[in-house]
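I am attaching a structure below and will ask some questions about it afterwards.
Chain lettering (A, B and C) follows the sequence in which the chains are written, and residue indices restart at 1 in each chain.
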Amino acid sequence: MFTTAQIAEKIGARLAGDGSVEIKAVGPAGAACATDITFAADDKHREALANSAAAAVIVNELADNFGGPQLIVKDVNAALIETMKLFAPKLTPAAAGVHPTSVIGQNVEIADSASLGPNVTIADNVRIADNCVLAAGVRIGENCTIGRDTRLDSNVVVYHNCRIGSGVIIQANTTVGSTGFGYAPVNGRPVLIPHNGGVVIEDFVEIGANCCIDRAKFGNTIIGAGTKIDNLVQIAHNVVIGKCCLIVGQVGISGSSRLGDGVVLAGQVGIVDNVTIGDGVIIGAQAGVVRDTPAGKKLLGSPAIDYAEKVREFALAHRLPKMAEQLKELIKKVNALEAAANDKK
Amino acid sequence: MFTTAQIAEKIGARLAGDGSVEIKAVGPAGAACATDITFAADDKHREALANSAAAAVIVNELADNFGGPQLIVKDVNAALIETMKLFAPKLTPAAAGVHPTSVIGQNVEIADSASLGPNVTIADNVRIADNCVLAAGVRIGENCTIGRDTRLDSNVVVYHNCRIGSGVIIQANTTVGSTGFGYAPVNGRPVLIPHNGGVVIEDFVEIGANCCIDRAKFGNTIIGAGTKIDNLVQIAHNVVIGKCCLIVGQVGISGSSRLGDGVVLAGQVGIVDNVTIGDGVIIGAQAGVVRDTPAGKKLLGSPAIDYAEKVREFALAHRLPKMAEQLKELIKKVNALEAAANDKK
Amino acid sequence: MFTTAQIAEKIGARLAGDGSVEIKAVGPAGAACATDITFAADDKHREALANSAAAAVIVNELADNFGGPQLIVKDVNAALIETMKLFAPKLTPAAAGVHPTSVIGQNVEIADSASLGPNVTIADNVRIADNCVLAAGVRIGENCTIGRDTRLDSNVVVYHNCRIGSGVIIQANTTVGSTGFGYAPVNGRPVLIPHNGGVVIEDFVEIGANCCIDRAKFGNTIIGAGTKIDNLVQIAHNVVIGKCCLIVGQVGISGSSRLGDGVVLAGQVGIVDNVTIGDGVIIGAQAGVVRDTPAGKKLLGSPAIDYAEKVREFALAHRLPKMAEQLKELIKKVNALEAAANDKK
């Protein structure tokens, strides 16, 4: 528990109002209870303050529709994140060292500050840097490197020859470096093309649970620095993803396609193979991208087209029954006019 | 092997016909062989009896298109389930106790009747109730509770601060309590918002393999009692699901959306964030739900609209080529009529 | 490193040009560097040779747009695969034998040449044939058989009563034999129908990472010989798949549906339950198949219809705004014509 004054001090906020109010948790304006602090990062949040039960609020300027103490900051999101950390559940930190049930290969370097949990297996020629945490059941293949401050959660599997950067998080049951779906017909049957390449996951990438990142046939599959990936996402062989992209749950990106920086793919989007998506492109949920897309475009639909155009198409599709009726009536009228004209001849 | 009379007795059926017929398995009417018992739970099944090779049938009233012995019950589904149990493969029951290769934290309470398989890891402050079965490689984080008669299959990962009820089944490689996809832009880069909440899985929930249930940012992600979830399903942070919902494979439900009771989501459905789906709503396969949906509605399409309306749209879409042609012809005719009218002036 | 002459000899190619050129890797024409050998398996590849930096090329006839040494073979794909093997990273072969941390049940037969890694658990009555490799954390249930030369990667879970053939590959975190999504309403609540059947995976099947193959209610779920399955694919209970099918990432096949031989399902396709898909059918990405489909058909869309027809529909959908305008104008004109005609009466 913290008082509003304590929170203000810890997050560097200017406090307007009572500093002695006791806060037990953080909650969104609409669902907060009387011992919560809430936050207003956008107009929708600001409006919701009027009916919020929260005891206090973090804002970037005084809200006149909220009666309790207000903590005024420059960047509400940054302040929210700091406040959430204050109220995070207290968990036992992972102990440095290698759990005795782990199985470590030859020529492996593990930093003293790294933590390897129970039943971790590390193959030969692996390097694990400072402060890494490998939870129970993580499997690391030959010749991998794991950068400092990186966290691999339980049962993550990393195949051989993958390079994982610093400050990376990979959540449970995700697979990195699986062989891609690359088959060539030989004598009429599909035969696997060897995947000689690897995977490079750059610094500060965060990957959700139960994802698959396939290794490359040639060179590397690359996830650019700062990119964030949700759960159950499929990244195929030789895909190259830029920096700070946001890839939402159940997206699939097919082989050798390339994303620029800051691309946003909403849930369940599919990208065909061998296309290039420019910087800052935004793709709406469930869309299917089938061609190269220039930077800054916003697409929707399957196949995906310009977002605004697709929204218009959806609207017109709803008018199809009406259009069909109008067409039917017109045909009747025109036929009547023609018959009348013929009669006159 | 059981005789028809034995089965009738065990499932409380009235037997019409020969009680000495030997039955080796249960099979659907169309695929049953001569030593199978089949069942007719609906009209389609009843019709299929005419051509079924099955030796006997479970029905709720005598079928006149089937020659073999008939077992008459009030509830065919309930009787089928009991009959299937009779013929279930005999497996060694999980032995009570903790396998010596398991790693157990501090302040952990495990009921004597619970079974923990090889390589299970349990963090601190966990409670595991009577008759639980945790298969090999299950990982349970700090402060979790697992209710009685619950079964977690191999390599399931449950993060800290999750509450799992009684009679729950979670199948292999599923992840519960992963951090959700909640990022806020700070200095132009996406930064993770701490997820201080947990997951509550209520009694008699059943979850398939390789699913992801994210923990909440605030409060809890909640799966209501009796809800059943198929494989590869994504449930995002702060989602609240009601009781006895059916959620089919590869569905994705985005953050903070709420489902009522008895909602049915067919395969590969997507639900955007922050929407409310009323009791008994049915969403057709691959649909994308983008707005609040009142109780009892049936939707289809992406974006999802009223089911019947969408079916009409699909039909009209097939008529588009014809409509385009009709339109072209009409334009020609009207132009001719106008020209003729002008000539007359 | 190999010279062009050495590669030609090893893959049985006729060498046209310098045999002393040193090759370090294989690369696609567009991305190859000056020490790579490339390949031209189709027209697109052949055209790309003109601008390729590659030092040498594998072709089936002399390319006149490429200056370096050419290795001429009958089947470029087969030769490419052999060449890729030459340059594959050298990994430590899995050691024969059972790792001491593995836990083996009763009445288990494991071939001397098989390799079981750390923390593998094998239940009772399992047979594992020659040269199998079960990586760390694999779990095999009761009464399973694993054919020779089969490879199960880390943390794969196989439930009881599954039969896996020879030469099979199953990648990390995949689940085989989970209970399917089969519920029947009893007293108004969904109750699980026991799944008494198993799974049969025939020879030379290859399955990606984080897939789910459900066991059958009756009989077996069957994956036919030579079929290849990508990552995150869902195969429901009692599905029967023919030989040499290609099933791309995130596809879902619902209960009891049947695929013929050589079927191709592109990414994120969904197949409803109880339909039959004929030999050689091709389904485009994100399509939803809702009915039986005869052999040789090519479908697209959700719901899926004939491919060419759907492409036409998509094109016409883009013309909808124009059609709506034309219709509006026509109505105006026809009304004017009618008014004029009435005036004349």
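Assume contacts are C-beta pairs under 8 Å (C-beta built on N, C-alpha and C of every residue); 3 or more make two chains touch, one makes a residue touch a chain.
What you see is a predicted model, and the numbers here were worked out from it, not measured in a lab.
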item	value
Proportion of interface numbers common to chain A and chain B (over half same, under half different)	different
Chain B onto chain C, rotation angle from CA fit, given as a multiple of 5 degrees	120
Distance between chain centroids, defined by C-alpha means - chain A, chain B (Å)	25
In chain B, residues with contacts to at least two other chains	101, 119, 137, 155, 173, 210, 232, 250, 268, 286, 302, 317, 323, 327, 330, 334, 337
Touching residues on chain B, where the partner in the complex is chain A	101, 103, 119, 121, 123-124, 137, 139, 142-143, 155, 157, 159-161, 173-175, 178-179, 181, 183-187, 189-194, 196, 210-212, 214, 217-219, 232, 234, 236, 250, 252, 254, 268, 270, 272, 286, 288, 290, 302-303, 305, 309, 312-313, 316-317, 319, 323, 326-327, 330, 333-334, 337, 340
Chain A residues within the chain B interface of the complex	25-28, 31, 41, 75, 77-78, 80-81, 84-85, 87-89, 91-92, 99, 101, 117-119, 135-137, 153-155, 169, 171-173, 206, 208-210, 226, 228, 230-232, 244, 246, 248-250, 267-268, 285-286, 302, 314, 317-318, 320-321, 323-324, 327, 330-331, 334, 337-338, 341
